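Okay, got some structures for you below.
In what comes next, chain A is part of two complexes: it sits with chain B in the first one and with chain C in the second one.
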Partner chain A sequence: MKKPSLIRNLLLSLLIPCTVFLVLEMIAFAKGVRLFANADSWKLFFRAVANVTLTTFALSINLDSGRFDFSLGAVSMLSATVAGTLAQQWSIGPWLTLIVAIAVAALLGLVHGGVYVLTRIPPIIVSLGMALFFEGCAFAYTGGKGVSLVTRTDIIGFSRIGNYILVTVIAVSLIVLLFDYTRFGADYRALLSGQKIAVETGIREVGNALGCYAVSGALMGVVGFISLANTGSQQMSLNFGSIGIMFTAFLPMFIGGWIGRYINKRVGIMLGAVSMALISLAYARFDTASSVQSIISALLLVLFLIYLNNEYAILSRFRKKQEIKE
Partner chain B sequence: MGKQTWKERIPTFASTLGLLVLIAAYYIIGAIRDANVAYGLKAVVNQSVVVALVATGAVFIYTLGSFDISLGAATGVSALLGAMAYNATGSLIVMFLVCIGVAVVIGFINSSLASVFNLPIFVTTVAMMSVLSAFMLILIGWNGAGDTIKVKARDVRPLDNIPFKVSMLVAYIALCWFIFTLLPTGREAKFIGGNPICAKLSGIDEKKLAIIASLISAVGIGLGAFLTIVYAPTLNKDTASSIGMDVIIAIVFGGMPVSGGPRSRILSAVVGAFSMGFLSQIMSMLNLGSGFGQMIKAAIFLLVVFIALGSQRSKLLTR
Partner chain C sequence: MKNLKRTLSMALCLILMLTLTCVPAMAAGSVKIGVLVSDATSSEALAFRAYYTEYIAKAYDVEFIYSDELTDAAGEKSSIENFIVNNCKAVISFSSFDRPAQIEQCDAAGIYYAVATGTLTDEQYEEYKDYEYYVGAIGPSMDIEFQTGYDMAAYYIDQGVTRFGMFGGGVPYYVDMHIYRAAGMLTAMVEKGGEGANYKGADNAGAIIGQIYADGGIDTGKIGNLELVAYVGGYDFNDAWFGKLAQMVGTEGIEAIITVGSGVDVLGGFVAGSGVKLATVDSFTPAMGEAMDSGILDYMAGKFAASIGPIFAATYDAIQGSPIRDSEGCALALGQGFWVATDSEQFQQYSAVDSSNTDPAYTREILDQYAAPGVSFEDFAAFVSQYSFDEIVTLKK
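== the complex of A and B ==
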């Protein structure tokens, strides 16, 4: 069988982000605006790439293993709250605050994973309980006031394009390294494709699950810090007010899955996040109302899923038409 | 098969027992704190009845092994359009019919999208939730009366009483129980939830059942929307926003497996919804503050689910 060429795979993996970019550029041209008009546009774009990429990784690490996680937003909120408060009390700099946020979030992920493996309650239910618990913790910790760092110019100054790129590249590299080139990653993939056989061959499922929750948590710690540094504050939410962040990750996750057929899945997810970030930038540049944004994003998700779930039928119909023409 | 020991029976009754314990705790704490227990009880019913209505219908969807996160947004849109219909016509019957009708249309779109295009139901409902939440903002904008849509409180006051709400809930539960227990629909839904491949091979039409389940659930959403207007006639973008998650919590709290199947029960939704209502009321009586209150609520929720799981835990991690 002929092996698909590297160039073909590269072109196919860039198809979605490039198409999204071209379509948006055309709309921008028709509207008489430029997508990347100034430094703020670039900043918004790279911030969106960082946030969406990391959130999508955090979601997909567990979701691919059948573990749905509603608590991602709550982990991000609580870790940013703790890190922000400590930054205020101890006057620590932005990078150390980021490390604290990552450590706290990884610990929260570990606690979540611990509850899951100890109780054996279905993961989606545990995540509901943990989301409520973490939201409650953040609220109780700050007395509902949240965290304000508006006077900390050093932390707010973290919001720079270079930092966003650095954080994203480091996170993606570590994720690729961990899941594609280590024993942990090999075990993860084995458990993913055959849980029972993998466990019977001696793979430690519990340790692997705990690791996944900790990594997922750590990624959300970065997301929480980026948001804290960008706005200079962390607002509190109760009653599942924090779960919205998770929904931004669905479209890039599915796009990443499709691109993953032609290139490393992790890189695919990043390219999916780039596509999503372009769309977010376009919303901002075109002054799109938030309600219209929600409807367009939802429609894009549904249309892409319709294609994914009916791909074979659509392609075979297309091929039949081609054959008839020929 | 041997007789079950009491230890083995505990999980079956854990949720009902949990509700009884919460009711007892409510009265004991109320007596110690010298709280107005009767007033609190009214608050519990008012809070729980809408969740119980929506959750009872949702049991049909969950029994199939499906999942719907857009129930809250669907309730919100139905309530907003119902209120707008009332303001246009001044008729409570029209308001009632619009609430039910809108919910049925939303349910039909949801289930048809998933069935016709083979979409994963959860993601479809996530998308639907975004669309409906955005639609609520658009509706409020169209109405042109600030950030709210109002129905005159005095017009709906005659219906804002416990007997009316409870009788509506009882009637809907009776209807759902009849369909779920005595008609083939319920048995087929449990079969699909328990073993979808076997059910399909036995000739059960999964798509048809998914649409029926959504339509039954839509009636509950419509009733919930109607009672939402009756209880709080000033509606805004956050109206019923938490119901979607409350329903999931109520169903699980009530002892129903989130994976659906033969262990599904109609009454789980009611038990769960009222358990959550009593728990919230106990938290406010104890004056613990919103944060600590929610932490304790989460811990109790996980504990009840843990007990209800009983000996069903497998060696492998559940997925």
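== the complex of A and C ==
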């Protein structure tokens, strides 16, 4: 059997982000706008890469196992709220605040997972309940005032390109390590491919599910902190106001799945996030109205899903045409 | 049959639970007033709520029942139904998705209805001013909103600022008060921008307001010798939107960013250390005070928490059977403006009065003079018109 070459795989992995970049560059050229005009553009791009990569990991870890999670935004908000409040009260620096946010978010993820494994209620229902619960907790914790750290220059100063790259690289490395090179990851993959058989072979599905929720939570803790450091404030949301963040992760998740055929799936997700970050940058640089952004993002998602669902038919038709020509 | 029994048992349990939860609630305050809110989380909304629940409720033995954070007219309708079931005697509304429907619903149920921190449009007022159960509206009229924006922009133009950024908040969603504030800012720029200055050809307030409503946004460009160099609207809270805000602060030569609201919350992190002046409409919270102390916030126009005291007094009068009506028997329609702080000392002075739960701007002693039977419309209108900080301090004396 012919082994696919490394270069071919690498090229196919980069196909989507490179195509997105080229298309956007052409639009930018036509509009007379530079996509990466200044340091702010680069900052936006790398922040979006970090946010979308981490959110997509957090979503896909559980969604791949059939556990839909609406509470990601609420976990991010509550962990940033707690960490931000403690940063204010104890005057702790940005890195320690980040660690607190991660710890709190992991704990919240564990609580969420605990409720799920104890009650055995469908995960989508549990996640809706937990989203409301966490939103309510954040509101009650601050009396609805949220957190304002606009005067904390050390925490706002975290918003640097270097830090975004560092956070993304560490997160991708740890996720690859955890899910591809540890017993936990092997169990996770075994449960994905056949839960019944995996459990019968001695894999502890409850422990694995709890671990997934905790990791997913920890990732959202980082997202929450990035958002807090970016604006210097954490606003409160109620009545599912926080769930919007998870929808940013769908397209990169599907793109990541496609790229994952040619390269490690987690790296594929990051490349999907790079594509989304480029689109976000373009929205900002082209001053695109939010309604137009929503339409474009939805269209891209739908078109990509249509392609994925009909990929075999599309490719075989394409190949037939090639053969006829030859 | 078994299912029927089960259903009946559950219904009985539900009724019992409702009865048990209602009895102590009814005992908690002799008069119940429902409060409709479409914003439960902003600092301004929290300050209003604290004034009602932590000061007025204790001072007047009144119980305020708050709605959830409403997002549409259907939510308003079901909340009012809930208030009616809970035996509320009046509804004070901070929610404006469908004010006519709210008034009609309350009137049909025979409970009083009042608008807080807002006003009806002229057409709506003409329609409902004679309704028996419509108490009226006290708050910044659209003229006052316009003037607030005008004063903010004029403040900087008079200081020699020529290159502005603007945050339009709810302008893309057609939030009237934000459109009027933005129109006020642009009008100030047109009037003070030298000969021939105009905004997209519009050179007066009416035309500018019309232009914003037509566009659903604001365009950047030169306005005479002044320039609007950047504009961001909406509350998208996504990466692209944050990118636009950062870009605005980083725009070459930008001197001041004037915002129709939430300026510190959305722009504070970007403005810090940039040297760009930031002006906003918000409330006198400690967080805003810190922002002003640190130089992030330069100018703030704010509604004070107790500004909703007079509408409570008018509603209370109506509940007691003595509604305040003008000489023609019409409901109240009174304007009330903002306090403006341009330095830290002034801010702290306002904040000290505004944030007090024991000695707020409008205390019981002041309100008692107007939350009593027989108050004339003229006296009440004169009282509401004295909303400036100095006037209120004089009233307190």
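What we mean here is this: the second predicted complex is superposed on the first by the 326 of 326 C-alpha atoms of A that agree within 3 Å, B and C clash if a C-alpha of one lies under 4 Å from a C-alpha of the other, contacts with A are read in each partner's own complex, and residues count from 1 in each chain.
The rule we apply is simple: contacts are C-beta pairs under 8 Å (C-beta built on N, C-alpha and C of every residue); 3 or more make two chains touch, one makes a residue touch a chain.
Nothing here was measured: the structure is a model prediction, and the numbers come from that model.
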item	value
Side-by-side fit of chain B and chain C on chain A, or clash	clash
First, second, both or neither for A:298, with chain B first and chain C second	first
Touching partner for A:174 - first (chain B), second (chain C), both, neither	neither
Which superposed partner A:86 touches (first chain B, second chain C, both, neither)	neither
Which superposed partner A:14 touches (first chain B, second chain C, both, neither)	neither
Touched partner set for A:27, first chain B, second chain C, both or neither	neither
Partner chain in contact with A:153 - chain B first, chain C second, else both or neither	second
Touching partner for A:238 - first (chain B), second (chain C), both, neither	both
A:129 touches, of chain B and chain C: first, second, both or neither?	first
Contacts of A:139 with chain B and chain C, given as first, second, both or neither	both
Region of chain C that runs into chain B when the structures are aligned on their shared chain, from 40-48, 76-84 or 346-354	76-84
Where chain A meets both chain C and chain B, residue numbers	139, 143-144, 238-239, 290-291, 293
Of all residues in chain A, those that touch chain B in their complex	65-67, 115-117, 119-126, 128-130, 132-133, 135-141, 143-144, 195-196, 199, 205-206, 209, 238-240, 243, 247, 250, 254, 290-295, 297-299, 301-302, 305-306, 309-310
Touch list for chain A against partner chain C, complex	38-41, 43-44, 47-48, 51-52, 139, 143-146, 148, 150-151, 153, 156, 159, 229-233, 235-239, 244, 248, 277, 280-281, 283-285, 287-291, 293
List of chain B residues in touch with chain A within their complex	113, 117-120, 123-124, 126-131, 133-135, 137-138, 141, 242, 245, 248-249, 252, 257-259, 289-299, 301-302, 305-306, 309, 313-319
Sites on chain C touched by chain A in the complex	40-41, 43, 45-46, 68-69, 71, 172, 217, 234, 236-244, 246-247, 250, 264-266, 268-270, 272-273, 285, 287, 290-291, 293-294, 296
